[in-house]
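One structure coming up, written as structure tokens, with questions to follow.
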Amino acid sequence: MADSLSIGILGAGRIGKIHAENIARFIPQASLKGVVDSNLNAEQERWAKGLGAGIVSRDPRDIFDNPAIQGVLICSSTDTHAALTIAAAEAGKHIFCEKPIDLTVPRVKAAINAAAKAGVKLQIGFNRRFDHNFRRIREYTLAGEIGEVQIVRISSRDPAPPAPAYAAVSGGIFIDMMIHDFDMARFQAGSEITEVYAIGAALIDPAIGRAGDVDTALVTLKFANGALGVIDNSRKAVYGYDQRVEVFGSRGAAQAENDLPNTVKLSNAGGVTGEKPLYFFLERYKNAFIAEMNAFVEAVLQDKPVPVSGEDGLEDLYAALAATKSLKEKRPVRIDAVRD
Amino acid sequence: MADSLSIGILGAGRIGKIHAENIARFIPQASLKGVVDSNLNAEQERWAKGLGAGIVSRDPRDIFDNPAIQGVLICSSTDTHAALTIAAAEAGKHIFCEKPIDLTVPRVKAAINAAAKAGVKLQIGFNRRFDHNFRRIREYTLAGEIGEVQIVRISSRDPAPPAPAYAAVSGGIFIDMMIHDFDMARFQAGSEITEVYAIGAALIDPAIGRAGDVDTALVTLKFANGALGVIDNSRKAVYGYDQRVEVFGSRGAAQAENDLPNTVKLSNAGGVTGEKPLYFFLERYKNAFIAEMNAFVEAVLQDKPVPVSGEDGLEDLYAALAATKSLKEKRPVRIDAVRD
Amino acid sequence: MADSLSIGILGAGRIGKIHAENIARFIPQASLKGVVDSNLNAEQERWAKGLGAGIVSRDPRDIFDNPAIQGVLICSSTDTHAALTIAAAEAGKHIFCEKPIDLTVPRVKAAINAAAKAGVKLQIGFNRRFDHNFRRIREYTLAGEIGEVQIVRISSRDPAPPAPAYAAVSGGIFIDMMIHDFDMARFQAGSEITEVYAIGAALIDPAIGRAGDVDTALVTLKFANGALGVIDNSRKAVYGYDQRVEVFGSRGAAQAENDLPNTVKLSNAGGVTGEKPLYFFLERYKNAFIAEMNAFVEAVLQDKPVPVSGEDGLEDLYAALAATKSLKEKRPVRIDAVRD
Amino acid sequence: MADSLSIGILGAGRIGKIHAENIARFIPQASLKGVVDSNLNAEQERWAKGLGAGIVSRDPRDIFDNPAIQGVLICSSTDTHAALTIAAAEAGKHIFCEKPIDLTVPRVKAAINAAAKAGVKLQIGFNRRFDHNFRRIREYTLAGEIGEVQIVRISSRDPAPPAPAYAAVSGGIFIDMMIHDFDMARFQAGSEITEVYAIGAALIDPAIGRAGDVDTALVTLKFANGALGVIDNSRKAVYGYDQRVEVFGSRGAAQAENDLPNTVKLSNAGGVTGEKPLYFFLERYKNAFIAEMNAFVEAVLQDKPVPVSGEDGLEDLYAALAATKSLKEKRPVRIDAVRD
């Protein structure tokens, strides 16, 4: 295979732009050939051409039908992910699809199957696995420094809630937000989740509660390897994006604290004050987005397994669906119960 | 009332000795008058006399019948707490009783009622409320710095497990160990626990599992004020006594890290290494034991409410019993279900 | 003036490459037009063309004589800086010159005068002023949070010493290494250095001592505004690049700690271990190199003063020469004594 | 020798009281027999008797002439230290003398000689050597973790300046305040100071300057073993007592940060804020005062060398005198120059 991967991007919104610019700047082994967005505007067109994309259009077929393009990035709205994944697979393209593949299990399975049938790579955009901090914890575990994992503890809090209306379309806090943490939990435990129990409340914005969702949630996890886990989510941490992971085991524990914009501490009569965490995911996971794209390109070029597979995305969705069910039914829910 | 409180101690084991020495050294407003232990040996006798105790015997009545003694500290084995509390109350003594009052609700209630009827103070030995770190968090909350409490997160891990046989008599991890954390959770939330859900496993020592207990546990909490909580316990953290609390709310979050024996960091080719946490509760809560005794003495001398009441002890027991039940029945359990 | 600055780079060594790639990737308002290196090899040529440079040659005149090029970056060896700066000024190019301009005062003055006469910008490459940590301290000072600066304290230690032979050509530790810290001290104090006193020794490598230099040095500073300062340098910190600054004043103090590759702490029986600092200047000052280049481009495009002027470079050189003299003569040396 | 040391204290001011109470509470191997203060008032008398002192008077001879007393603590004003040390030595008492022994070399030598001639122990009250943090650094050095010591860096800043009038009697900042740091520097370097250079200014209070002293000072040190050192002092750190030490060597570096009253960090929209350092020496060195007294008692009872000798006190005074001279004469001063 060529030593450079030609890529087309579907969706020129916030996340699509990040990937496009990362490919143009930081991934020497990939080149951006096309940008497609069904609502492409003049600004996006200018931007895409400025990055050197030869194909700039509103029609995905311009990508799919172009034999020079080997990989596609699906960065459009969630409801289009499954169909585009299937179409891309049928076109023989390797696929990087933003999370989640879909909000429903059958469509996720259909997308996975399409990729498998076509023999193309399918990587899902769980970027946090590529975070320098969380990756370091995993390395400690793999190196045996933690011993057997016994407890995984994740705090994941956003700086500001989305509009309440968003809850309706997003699938709710577990599918929209905590799905990242389910993926992190599985990654750190090195094992599948077997059961979840969820509690939650609308403590930040009653409108979120009226929309049928919660904005504050705690979920306990059981893993197949016997480990236990807990995730807490809040839609609003006034001090910024709070992203911490701890893995505790028989030989030690590893803890990742937040990243800060600088290390300065100001000491005065009021105390010793340091910076708040980096504001939100664009700042915090800036390098993780690059690393995940590098990993995708490398998996394709060297024909290696992708680091986050469609099956991973499916397992994460199961956990999110089980948590949603647990919250509603006020009881623990086994993953098998949503898997079937 | 006199400006000094005359105290007799029942039980000259580890915790009794700590309180006796603290009174002798650090509590100018109290004086140690008597030490009673049903198995008093020569070494204990010498020690007690060295501290200036005039009454040194094996018979609690030597304390109860002495009109010069105003307060008693019940530091004997748990199975004697309730009966001694009742006897002390009937003798008109103010009572400081180590936790737990008893493993059964009726006996706890009987002890509380006896104290109430006699009009004496009854304080329970939940020493962690007096810890400098956890107290500071509570002060922030009371000062409005946290806003409305939304999440309480507690990690509480021992450096080494007790003998498996201990599980049988201790009542298990929730009653023996996590009861401290239930008390801390209620203290920090400023609200009662209404429901718990527990998961756990014997990951450290299979013998603990065979004895019907777990050594690793995660419990989620719902509070009456709407806040959520989570506690994790492990019987064995190889790096020492891990005691951390975090309170997250609408205006901010406060986090207490472990205490260390010194602040030194060694930087070398292997990294930057600091000390492990203080080894265990004797080291970590050294000053908290003094502070709780001061609070008891002050409550009696100034006729103020005790900071940790018999009712607190009862609520903590409810939470522990509910967690025990939850673990066994694999479902969330409302506190009301064990209260009745 | 155009809204994009056309740049030519003289010198395609390590630092030249960094600037070239930063311009190509991160500075949208600048474009890399040419790369010249007197020893240009095939690899460099390929690299330069890959970045889009139209002019790739061994002759600086290809840059100087090209009217389309507005700014030049002088990244060649130190002994060529002054002559190239003068030639660039005479060609009417704005100049970014790596530090130091020269090791001798007259040539530095000649370069500064040439730029002044030609009316072009001259910025010197003291990249640390653009570091996120040190800049934050300065912001605190400018915001009044520090009050009047009383003490500036800088630790600056390299991970590994240069070859002893380097000492001969570099001018020694004060001119080669501590000059950065003199610049930082002036930046943080907001005042000129008036006197220095230096002590030093060859504690790491006797060969450095035999070459007439020291590898460990401490210099105290007096500033015109009354503040005091101290800088320590070591050529070899086994734990990596140690770059810390502290500013202490009448209203508070600000302290910058090292940057780490991640925030993870591993707790085990041996203690709690975090990462070493980022290895060396390429890692630590990665973003500072971009920020200084942005500042240069902005100064030219918007006709604003450069943030680090030729006069700054001259003052830093005075301090380094005075420290060299102080070490040799074992007495404090006033800056005026080397200025005249 | 007996397994308990009978002690008399001369001087019932602040520091005398601390030692008296520590002996009464924490040093089981010592007993407080007498308290003498030339200005003894009723409150002090009550306090001394409350601690069990049998001899409470205004006449040191009541201590010196009492054959039951083996050790004396000299805690009176500095101008009486030497004469009392000599009198105590002649009376055959072991001596713990607060720092400094005297402000003049001949009197210090006379006191040391008197103790040597009498064959009694003489320990000087440089309490910081017993601080848990600084001791830990020294342990790392002795264990070889630092390798050869190359740089010793000490920051030592008080929370509030003394009255300007104090400067006249105290001997100035180097003798009154930095003498502690000279002792720490020698302790950490494991070597004698051979030369100092001092700069300083009255930046906090002009009245201190008018009294002929400085309130902000920086002193560089050369040690006999080749290491370099630097100490900074300020009479006023608005954030409290700043006491930090760093030892840097060929194999690593150890750094002690300040002690804090608790570990809590408050995160909110303004940043992440922790506590200021413990306020002043009574809080910070509380345990160090106990440890130094334990060491004195142990040295006497077990006939071991004292950990801080009269010769140490003399060397520290030499450094302080040399720094005073350096500041005045604006040049480096060798210790030998003040030693002769």
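Note that the chains are named A, B, C and D in the order they appear, and that numbering of residues resets to 1 at the start of each chain.
Basically, a residue touches a chain if its C-beta (ideal position, glycine included) is under 8 Å from a C-beta of that chain, and two chains touch if they have at least 3 such contacts.
Small disclaimer: the values here were computed from a predicted structure and weren't measured.
Asker: If you tally contacting C-beta pairs, which pair wins, B-C or A-C?
Answerer: Spelling it out, more C-beta pairs touch across A-C than across the other pair.
Asker: Farthest chain from chain C, going by the mean of C-alpha atoms per chain?
Answerer: Here the answer is chain B, farthest from chain C.
Asker: Taking each chain's centre as the mean position of its Cα atoms, how many Å separate chain A from chain B?
Answerer: Chain centres of chain A and chain B, defined by C-alpha means, are spaced 42 Å apart.
Asker: Where the CA atoms of chain A average out and where those of chain C average out, how many Å apart are those spots?
Answerer: 40
Asker: Averaged over CA atoms, how far is the centre of chain B from the centre of chain C? Could you give it in whole Å?
Answerer: The answer is 58 Å.
Asker: Going by the touch rule set out above, which residues of chain A reach two or more other chains?
Answerer: 237-239, 242, 251-253, 267-269, 275
Asker: Touching residues of chain A toward chain B in the complex: what are they?
Answerer: Within the complex, chain A touches chain B at residues 147-148, 150-151, 153, 155, 157, 197, 199-201, 203-204, 216-218, 220, 222, 226-230, 232, 234, 236-239, 242, 248, 250-253, 330-332.
Asker: Which of the residues in chain A end up touching chain C in this complex?
Answerer: 25-26, 132-133, 135-137, 140, 145, 251-259, 261-269, 275
Asker: State the interface residues of chain B toward chain C in the complex, per the touch definition above.
Answerer: 237-239, 242, 267-276
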